[in-house]
Each structure stands twice: as structure tokens, then as C-alpha cells.
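By written order: A, B and C. Residues from 1 in each chain.
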Amino acid sequence: MKNRKRLIVAAMLSMTLVATACSNGAGSETNAPSQSNAPDKEETIVLTINPSTWSIPTNDDNEIQKYVEEKYNVKIVNMRATDENFKVKVSAGEIPDIFPHNISEGDMVNYARQGVIASISVDEIKQYMPTYTADVETVDPNAWDIGFYDGKNWGVPRVWLNGSYGFIPTYNGAWLKAIGYNEAPKTLEEYEDVVYKFRNNDPDRNGQKDTYAFTTRGTGNQQFNEIYAAYGVNPYQFMLADDGTVTWGGLSDQAKEALKLLQKWYKDGVLDPEFLTDNNDTITQKWNNKKIGILDHNMYHHLFNQIETNKANGIEPVYGKGLIGPAGKSLAMSNGALQVPLLFGAQVEKDEKKMIKILQILEDLVSNDDAYLKTAFGLEGVSYELKDGAAEALEPYKSNNDKVLELGYGGYYNPLVERSLSMWKYHFSPAKMEFRETLNEGIETISDLLGPTPLEAKSKYSATLNPLQDEYYVKAIIGTDHIDKTFEEFKQNWLKSGGEEMLEEATKVYQERQTAK
Amino acid sequence: MKSGNVESVLKAPRPKRSKWTHTWREYKKNKYMFFMLFPILVWYAIFHYGPLYGVQLAFKDFSPIRGIWGSEWVGFEYFKFLFFQSPDFLRILKNTVIISCYNIIFGFPAPIILALLMNEIRFGLFKRVAQSISYIPHFFSWVVLSGIIMMMLSPTHGPINYLLSLVNIDPIYFLADSNYFRSTLVVTNIWKEIGWGTIIYLAALTGVDPTLFEAAKIDGADRFKQIRHISIPSILPVITIMFILSLGGILNAGFDQIFNLYSPTVYNVSDIIDTYVYRAGIVNGQFGLTTAVGLFKNIIGITLVLGTNYVVKKMGQEGVL
Amino acid sequence: MKSSVGENIFQFILIAFICGLCTAMIYPFIHIASVSLSGPAESTRMGFHLYPKDIDLFSWKQVVSQQKIWWGFGNSAFRTVVGTLLTLVAMSMVAYPLSRKTLPHRSFYTMIILFTMFFSGGLIPSYLLIKELHLMDSRWVYIIPGLVPTFSMLVLRNFFMSIPQEVEESARIDGANDIRVLVTIVLPLSKPVLATLALWTAVGHWNAWFDAVLYISDQSKQVLQFFLREIVILNADKETFGSTVVGNYKYETSIKAATVMFAVLPILIVYPFLQKYFVKGTMIGSLKG
């Protein structure tokens, strides 16, 4: 009899299966209407959100979620997708109402084409988010360009306020003194001297040749920041060519010259070979353990947060400026403020009420001080305190990210954290403000000519082009080939693999924008 | 003609009915067998046949909103793209085959040699302990082992580079230098599996009739002659089967190992079909393309397995299937 | 036993070689263990680490104080134990009928099952299936979708086929049905091969992570390998989004080592007990059968 029962269950299972197969399985579950107990009261809207794929609150019943739910009369469902399963979930029809903040412009184009994300009119955003849009337009009047694709706007524009600052070269003060420098090197020649001496002259005086000047993030658009900046180029960004067309930094002669220098350094053994796979964590570890004496991947706000750690480790940091090199002036690499907009699931487009609700919530989160402070910094007296008008994190939240996620504050419930000019003040104590001003004083930055502008060719080819460039650049640095000979070959290869199409599109978009102004 | 037809129509059901009753009886006789078998067959239907409809994605422009059935047909677009346009496909196919071949050329004989050597050890206790130790790496995932390997091979603090520095060789970054990465894969794979691989050969060797060795000794054959003329021939059938099996898996170059060890700097030499499928799907969300690649791999895979199975049977061995 | 000088030299070289090999097998584990017990400076010192110079337990404290590591441990243990047991039961349930030539339409059923080894529908339909069956975020997703590993099942079937029919006869004469015969006669005879398959399955379960990545969002249901990957391999560059947390990146290397050791230790502890199942070449039944 038991077996029979099992049979029936199994048969039912297979039938459900057939049913699923036929019913596409698409469509988000969240579209189901939610019940409301009090008819006179506004209906509680259910929001399925996935604003981040890596800092996801530990529990659904955390303080901040409760606060947001009560304040805005919504029910929040956390989708909890990670980087590794977000795309699968979307493909399986699990589409969040609010998308993660780290969607690339290429993904945005694909999602727009597939009908996964909602288009919203600029006017609607301006209507419901007046303060925020005014803020955004103050920072960059071109902010709307990024969300514009196929004749429509695809989300709420975002400007990352810290993004416009540059990467500040930082040196170990004691090491500089040990090799006879009283201040940070100013030119590329001085820097080269420091790089060699940090490797060869035993700057930590431990009698062993176990130090390197610096290491860097092996691939991607933020490697060898100081060196490329001295040449005035970011090899992973668009830049303006002399003839007014848009070109790719990685193809420029400046980048080629920088590669030659790096190849020489590698051959002379002054480059940490682990630069090939190093990342933020390992670089910081090396700095803290005094294995390297230069940091090139931090902006002022990272450095500000490191002050205490440095003190505890007995490191006296000396902050420098962009190196004067072939580019002729002091430049610093920068991300640029513009970011891919905050995207919403296609179901939101069809649900006007929900759309308006989301926009209203977002506006409130960045214009209501109390809401901003709660979502960005947590509970006053518990996770932060206000000092001189700025929020300062308290222990254990200050140094333990798990605690932060337990309480639920940060950028999750407020995806516009650090993107609102009106609330920016809360991030700056007088000390931090001063730090920011001193460090960034007189620094001119290099950033992408087009920012994360959605380009069809970029979404199509960047998965091929970037590895192609990574591969050549790494080979050029650690290999012994004559870069003068191989560079041209790489360039042609890159152009042939879709690069040409990408540059044409980029030039077209750029020139259209220029004439529009 | 007509009457014959009628006759045959009238007659036909008879044997048929008896055939059905026969089958019914057979099933009834085996009812306990089917009580066991049936739930598992249902499980196969659900978990293996259920998702098969997804293969159509290889020919469709997949849109999450329209779902698998509702997406538009694009014919052989993906295959055209893969074979004729994509700069990646040839590279991943080449890498897959090259890494597999390296693994076969170097990784396959390694445990055989070790087994033959182990078999010559006289001290039983030592042999057993050595065997047990050599199995250890097999039990750990590539996640764990890659953590270990990264540390061992680090150019700044790894002991391997320390050894190299003692003989004045500059540090080599085995995991990030495309000149060394494939060799690193092969060596670490051998390290992990060599001990475990010996089990089957050692078992075959213990089955060899000891009198053969006695006879050989009396004939004055030395150790190497004994190995060549007795040990190796006696394990040859096992070697053949294992070899053919490994040929059948030539398109599986070891996803777990490569995925946990590689980095963008070595994609050019280590990106294999499975890692490409992972990135194109999980990272870029191109599930139509990945289904097409998967289908291609499946078809090659089934051809290889059936082919090798046929060869095994031809050689008079019992096939794997 | 008389032995010549040549023979002794041969044995000596052989043993030395094997010793070297065994060192290569276990040294990395010793290295990791001592690094995990070292402080920041010592843990990144170049060279060999045979033992920790000054024992610094900071990294271990960090690792064991993480709730998720224990969650992972519990879930991995669950899937290994329960998953292996259920797999053995399920495999026997299908391998035994398929091993009997008297089973009607035997080759048809075998083909149906064989076919699944070569084709799969891909990630998306599998994902949809799991979702429809409500296995998302359930620990059963670790066990049910992979309940019958087809290759292992075939190995078991081949072994069952090698058991002569006559052995079962006496029981059948006593009126025992097929299930009884399987349980009381066939399975006890198959202990070595079952042990082997159990070991394969258990190792697979303990080391699996991909299903967890796809199907589990609830951290308390995650497996150990998932967290390991997070800590050891994926230390991705992530601008901590809107948060002011500063990591103390001094112990990075030794924390990684301690995490790895945390996953290594359970296996090393169980290892001696499992060993007796495969030292004497009992595994052979599995592949030769």
C-alpha cells in the first residue's frame, strides 16, 4: 500500500512537471496581489528587492527592514541572490522589483532588449523625486545619458559622489626616510627611484630582501594607477583621440610606453610578481604586514578609514599626488561619478502604483534626514553617533561587517546611499572633510570619456575584448617580447575582434552628445 | 485475397492477446522488482527527462520574460556563431583537448608506475602506510586543495619558490603565468590522484599467481625483467580499460580544478569548455549559447563513449555500459 | 628469505623514493596547519613551515567564532551522511532489478537510464524544476536531485550480475520475495562494493558546492565548501557598499589557512576509520565487476 501511495505521489510530481514545462515558468511570483485587512487603508505593496548581491542582511526581521516596512507601508521580500546566481534567477523568471547596484551597462542593454527591466519616463522620476534629481543634475548634468537606451530611460540615475575623486598614492613614511626621501616622490623618475630602492635597499632594515615597492590589482581597469596616470591614460577606458574620435586607452601610444616601463621593472625584479592575482584584500594585507611600501588603489575615503589601522601597525602614511611624467602634469586615476542607473523589474512598469511607491520611497530615503540616517548608518547610539553633524560608526559595527549585516544598514535598504548630495554632509566629520580636501587638493583626474554609457557593441564584445587585453598586457609586462613589435599586432587583433565596431559606436554617441550641447 | 485478409484480421488478436498476458504474467512475477524499480524510474523521469525540454534553448533567442517555450526560434545561429565567428570557441576546444591529453600522457601512467614500484616493496607495514598516505589528497575538494596549492606556489612566500631561490632561480608565478599554468594543472592533478589511482592496479597485481615470479626467479630473471614480463602483462587488461575510459572523457578537462585555480591572466591557456559555459551562463546570462555548447559537448561525448565501449567489447572485455 | 646486496640497494632506493613521495603528499597539509597557527609576520615568511614558531591562535579564533562556518559544517555533515545512505538504498533498488536477466524489458529500462548519462536539459530548466518542486532553500536539494549517480549505479549493477543466481535459490525456495533476497542475501555479499560506492558518494557530497550556489540563499542552510570558496578563493574586490567597515587585513594568509584546515580536519579524523575498507584492494570489485 505504501508503494502505491508513493506511486501516486510520483505520478503527481510528474504531472506538475509537465504543467510547469508548459506554463513557461516565467513571471515573478511577487505579482500576486497582496491581501489587505483594512479596506480603507492603503494597500500594502509587496516589494521584492535585491539591491546588493554581496551585502545582504542576515535576517529578514532586522531593525532597518522593520523600520522601512512600517514607515512606507510596504512588505519587503529579500530575494537574496548572489553574484553567482543572480543571472540564473532572472533567467528563470525571478525578477526583483529593485535590481542590484552592480549591474554593468552591458547587462542593462541585454535586460532592456529582453524586456526584463522597466522603462520609466524622465518626467515621472522628476515628478516624484524632485530633490534627488536636482542633486544628481548638480553633480553631473549628463547623468541621464547613462540610462538612455533604445529611445527610453531605464532607471533612476546614480552618481557616486566618491567616484569622482582620484586614487591617491600612499607611501610608507619610515621607508621613504630610510632611502633618503623626506616627502612623497613628485615625478615619475623619482617614483622609479623609490620603486627600485624599496626593493633593493632594504627599507625596513630587517636585513632581508623581502620587500617590494608595490603590487597592484592584476586585471581590470584599476591597475598600475600611478604609472598609467603619469602617462595620462587609463588602458581600460574610452578616451578622446587627437582627431576628435573616441579611442580606447589600451590602444594608445601612452599605454604602450607605460607597458615598456613596467616590462623593464618586471625584468629588474622590482615588481611584485603576485600583482597578477592580487586584490584589495591581499594588497592591504601586504601593506599592513610591511611587505610593500606603496598603495595605489585607494581613494581618500579608504585612506581615511585606514588611519587607525595604520597607527596600530606603526605605519606612518605619506600621501602623494599624481606623478608628473610624460603627460606633463599631475593626474590621478578616477572611477568617475556616473554609474549605471538603479534598475527596476519589468513588472514594475506595468504596475503604476508600485512604480510611484518605489520612487516616493527612494525620494524620501534621500531627502528625509531621519530615514537616511537609519538606513545608511543604523540606530543612533547603537551603531553610530552624531558628532559635529556627521555620523560616526560605533564599535562593534565599525570593524565587524557581520554586525552591520545583522542590523541591516548600509546600502541595502537605501540603494542611493552616498549618491545623494543633500545627505552627503552626514558622511563628513570636520576631520574627514579636511582630509578629503588636503588629499585631493589640486588633483586633476582621468576618467572614462563616456562613463558607463550603454553601447550595444560594448555589451556584445567586452567579454571577448577585455580578456584579450588582459592577456596581452600581462604577457607584455612579464614577457620579454619587444613591445614595439607586438603592440601593433595586439591593436589589430583587438580592433578585428569587435573593437572597431565598438569605437565607431562610441564615436557616434560622443559626437551626438557634443552637437546636442 | 479478401478472405485471406479477413482471416488474418480475425486470427491476429489471438497471439497478441497471449503475448500481452504473457507480459502481464512476467510483470506480476516480478512485482517486487518493480516496486523497487518504479520509484527510481519516476525519479529519472522527473529529474533527468523533465528538464530535457530545455535543449530547445540551443536554437532559441532566450528571453526570461517569454520563458523557454515562448522564446523565438533562431535556428542554428549559436552554432554558426560558435564555429565561424566566435574567437573563443576554437580556443576553448583546443585548451580542453590539450589539457586532457596532457592529463592522459602524464597523469595516466603515473599511478601505474607507482603501483609497480609499490608492489616491489618488501616491507608490508611500510607499504601499507605509504599507500594510506598517498591516498590523502584524493579526498579533498579542489576548493580546499586550491587554497593549499595557492599557498605552496606563492611567489613571495611559497616553499616551492623558496626551493627555487636556493638554486638562484627567480620566483615563478605558476598560477598566473601562462607559460606554466598547464603544467601546474597536470602536476597538481597527478599529486591529487596518483595514490588513489594505484588502488586498482595494486589490486590487480595482488591477483597475480606468485608461482609465476618463483619460476621467473629460478630462470634467473631479475626484478626489471619480472616487472616487464609478468607484472605489466598481468595488469594490461585493466590498463586498457582505464585508458579507454579516460579517452572517452577527453572533453572533461577537469572543471573543478581549473575553475578553482585559474584567473583571467591564464584564460588563454586554461579556459575550457566547462569554464566557458560557466562564465557565459552564470556571469553573462547567455543561456542559449551555453545550451548550444552543452549540446555540442554531449554529442561528442556520447560518440566517444559509445565508440570506446565498442572497442572494449571488440577486445573481448566486458564493456562499461 | 635470502637477499643479495643488489636487492638491498634496490629496496633502499625504492623506499627512499616512496618516502619522498609521501612527504610531497603530506607536507602541504603540515604547512597549512602551521601557517594557520602563526601570526601575520610568520605566516607570510618565505620558506618551509614544519611547525608554528610562536603559536598565535587569532586566526583559529576568528574562524571558529564564525557562525556560518558551523552552519556549513552541519549542513555538509547532513548531506554526507543522509545523502550517502539514501543513495545506497536508491542505487540498490534500481541496480538489483536491472541485474536480473529475468526482468521483462530489462534492456529497455537500462537504455532509458543510460541515456540520461549523456544528455541534460541545461541549467535553466533544472532550476525551474527545483523551484516547482519547492526544493529551493531546502536541505533536500542537496540530496534528491542527485539521488542516483548513474555511473555508480551501473558499477553496482555489474557487481550484482557477477553474483551467481544459485546463491539466491535457497532463499527463494523458502518463499522469500525479491526484496527479501536483496536485503538478506545480495546486499551482505556486496559489502565491499557498497563500501566503495559509499565512499565515492560521501566524498562527492562533502566536496560539492555548485548546487548550493544555485539553490540556497539562506545562509543557515549553506554547505561548508560554499563558505570556504568565499573565504579562500573569491576574496573579490568589493567596495563595501555604503558601509564604513575597515577590515584588519593582517591575518589574511593565516585565516585562509585556518579555514582550509577546518575543512581538512574532519576528513583526516575519519580517515583512519574508513581506511580498512580500501587498503586491501577491496575497491577492485567496483571497476572490474
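Basically, contacts are C-beta pairs under 8 Å (C-beta built on N, C-alpha and C of every residue); 3 or more make two chains touch, one makes a residue touch a chain.
Values in this document were obtained by computation on a predicted structure and should not be read as measured data.
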Contacts common to chain B and chain C (chain labels): A
Leading chain pair when contacts are tallied as C-beta pairs: B-C
For chain B paired with chain C, centre-to-centre distance based on mean C-alpha positions, whole Å: 16
Geometric centre distance via CA averages, chain B-chain A, whole Å: 39
Length of the line joining the C-alpha centres of chain A and chain C, rounded to whole Å: 37
Contacts with 2+ other chains: residues of chain B: 35, 39, 43, 46, 50, 53, 62, 68, 156, 281, 287
Residue numbers of chain A (touch at least two other chains): 13, 17, 21, 25, 84-85, 88, 91-93, 210, 291
Where chain C touches two or more other chains at once, by residue number: 44, 46, 123-125, 128-129, 133, 253
Touch list for chain A against partner chain C, complex: 13, 16-17, 20-21, 25, 52, 54-55, 58, 79-85, 88-89, 91-94, 101, 210, 217, 220, 279-282, 284-285, 288-289, 291, 305-306, 308-309, 313, 376, 393, 397-402, 404, 409-412, 414, 417-418
Residue ranges of chain A in contact with chain B within the complex: 3, 6-7, 10-11, 13-14, 17, 21-26, 84-85, 87-88, 90-93, 95, 107, 110, 114-116, 210, 212, 218-219, 269, 272-274, 276-277, 291, 346, 463-464, 467-468, 470-471, 474-475, 478, 497
Of chain B, residues touching chain A in the complex: 35, 38-39, 42-43, 45-46, 50, 53, 62-70, 86-88, 154-156, 170-171, 173, 175-178, 263-265, 267-268, 279-285, 287
Partner chain A, residues of chain C touching it in the complex: 40-41, 44, 46, 66, 123-125, 127-129, 131-133, 213-214, 217-219, 235-238, 240-253
Touching residues on chain C, where the partner in the complex is chain B: 7, 10-11, 14-15, 17-19, 21-22, 24-29, 31-32, 35, 44-49, 90, 93-94, 96-98, 100, 102-104, 109, 112-114, 116-126, 128-129, 133, 144-145, 147-148, 154, 158, 177-179, 182, 203, 206-209, 225, 228-229, 232-233, 253, 256-257, 259-260, 263-264, 267-268, 271, 275, 278-279, 281-284, 287-288
